[in-house]
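One chain, chain A, appears in both complexes that follow, with chain B as partner in the first and chain C in the second.
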Partner chain A sequence: MKMSQNTSDKDEQSSSNKKNISLPISRVRLIMKSSPDVSSINQDALFLTTKATELFVQHLALSSFNKGSGKETNSLSYSDLAHTAEETETFHFLTDILPKKILASDYLKSLEQMQDEDADY
Partner chain B sequence: MAERPEDLNLPNAVITRIIKEALPDGVNVSKEARRAISQAASVFVLYATSCANNFAMKAKRKTLNAGDVLAAMEEMEFEQFLEPLREALEVYKKGQKGKREVSEQKRKDKEKKNDSENDKSREEDEEEEEERMEEEPEAENEVEEEEEEVEN
Partner chain C sequence: MASSSGNDDDLTIPRAAINKMIKETLPNVRVANDARELVVNCCTEFIHLISSEANEICNKSDKKTISPEHVINALESLGFASYITEVKDVLQECKTVALKRRKASSRLENLGIPEEELLRQQQELFAKARQQQAELAQQEWLQMQQAAQQAQMAAASASTAQQAGSSQDEDEEDDI
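Showing the complex of A and B:
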């Protein structure tokens, strides 16, 4: 970013600094502190975690979109995310909160199919 | 500690904006997908915190530092974040330094106008603020914001 300006125009620099992260640091700290082992976090670590979370959100959204089914329809759906969590190793830690969903209608259909197959015999 | 479970969620409006900026224009992101990404982000914070904390504990430190977070990213196999994170931290540190210089300058200007005898006690206040910043970044931000309001 525009580091060269920092001595010439400090006001401009501090406003661009605000745009550097958009997630609230206070909320990120609250989440971090909810972890029982954590006693204190320094300012730089807090900033880095906040920034990393933003990168993570972008990365998760973009790779789910690129791998997902919604490229033709220009959409990103839950199932794209669940698929990414399951297929991509770095996102494996998300499988608990992004479980693959099965529609009740699909489930019923597969039940019917099983019954039809049974009936064939 | 969080009082209510919703305190552990990140603000939806901000998450939505970040998603929109990451994706090509005009991509429709379902409400369910947005909620899922937001929850994933909270889990990411916890996971990163826990990894970083392991590094701090190994080094027998109580306070998480920047190195712990970067090491956590590596362990989580998000190496591609390292470079942008380092750059962002540089800019952030310069910004913090810049802000401090600005507020010091403002204080000095004010003091010259008002009362030059306050100089020493003011400087002591400044040192205290810097120390507090390590633990309580909000406290310092609030102080600075208030000052800015007064100045403007």
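Showing the complex of A and C:
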């Protein structure tokens, strides 16, 4: 008859209030604890972090969409996200994990250019 | 999805939860798969960012456990002050829900039925159910046996009837 963590998460979600939490709190805790030096986290602090993460997702998605090139076509691409991270100061911490992807065709072109330059010699 | 290799860096928020949030935030927008994957990883990065900052703030204070106050200060110093109001609201909401749940469970306790008694009743019900199932199974078995026997008898009498066919006719004539 023990309630598992997942059940308690769902209980918190079952309040049909808009302000409830959608992300799994237990997973957020695991990620927090995998940060170096983080020892113990107060339960309320955990709720706050989870909700902040949700707001972050919404913020990132909306900013990227509004600033991005996909607005006419109603789409959101990887590069939209990458650009927003570079242009928005509070998102600069993301630049480490998103190398700007280059198209394979562009890469091949620049390879060809390099080869042509070599050939000139 | 978190891998079972035990590598902490593989811990991420489940993809489904992120997809749901993206859909709610940008309804009807086509989001590329690699963009979704990126959002998942950005979440992890964000959580690490907040945790580290909150942890530092916590260390500077004389507390050992990261408190809500530390998290709020972390959000502020990292440029996410705009999140603070909504985040505080949710805290209140969660406390209310937790309080309701505690009240509900204490109401259950106040029914006067201690947990051992409830367990005993549960065991009783299980035992009854097992017995009923056993009886049902036995009935079915008996029915099957009877059906098999009847089939056998029917087959046997059919063959004897064929053999005794001529002598029966003679008897009937005598009765008339």
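Criterion: the second predicted complex is superposed on the first by the 92 of 121 C-alpha atoms of A that agree within 3 Å, B and C clash if a C-alpha of one lies under 4 Å from a C-alpha of the other, contacts with A are read in each partner's own complex, and residues count from 1 in each chain.
What we mean here is this: a residue touches a chain if its C-beta (ideal position, glycine included) is under 8 Å from a C-beta of that chain, and two chains touch if they have at least 3 such contacts.
Because the structure is predicted, anything quoted here is derived from the model rather than measured.
Undergrad: After the chain A overlay, clash or fit between chain B and chain C?
TA: By the criteria stated at the top, chain C and chain B clash after superposition.
Undergrad: Please work out whether A:Ile97 is in contact with chain B alone, chain C alone, both, or neither, and reply first, second, both or neither.
TA: both
Undergrad: Figure out whether A:Leu111 sits in contact with chain B (first) or chain C (second), or with both, or with neither.
TA: neither
Undergrad: Kindly classify A:Ser22 by the partners it touches after superposition: chain B alone (first), chain C alone (second), both, or neither?
TA: A:Ser22 contacts both chain B and chain C.
Undergrad: Tell me the contact category for A:Asn42 with respect to chain B and chain C: first, second, both or neither.
TA: It touches chain B and chain C both.
Undergrad: Chain A residues touched by both chain B and chain C?
TA: The overlap between the chain B and chain C interfaces on chain A comprises residues 1, 11, 17, 20-24, 27-28, 30-32, 34-35, 37-42, 44-45, 47-49, 51-62, 65, 70, 73-78, 80-82, 85, 89-90, 93-94, 96-98.
Undergrad: For chain C, which residues count as touching chain A in their complex?
TA: 2, 8-9, 11-14, 17-18, 20-22, 25-26, 28-32, 34-35, 38-39, 41-52, 54-55, 64-68, 70-72, 75, 78-80, 83, 86-91, 93-95, 97-98, 101, 115
Undergrad: Touching chain B in the complex: which residues of chain A?
TA: The touching residues are 1, 3, 6, 10-11, 13-14, 16-17, 20-35, 37-49, 51-62, 65, 70, 73-78, 80-82, 85, 89-90, 93-94, 96-98.
Undergrad: Considering only the defined contacts, which chain B positions touch chain A in the complex?
TA: Against chain A, chain B makes touches at 1-2, 7-8, 10-11, 14-15, 17-19, 21-24, 26-30, 32-33, 36-37, 39-50, 52-53, 57, 62-66, 68-70, 73, 76-78, 80-81, 84-85, 87-96, 98-99, 101-102, 133-135, 137-138.
Undergrad: Which residues of chain A touch chain C once you look at their complex with the stated criterion?
TA: 1, 11-12, 15, 17, 19-24, 27-28, 30-32, 34-42, 44-45, 47-49, 51-62, 65, 70, 73-78, 80-82, 85, 89-90, 93-94, 96-98, 101
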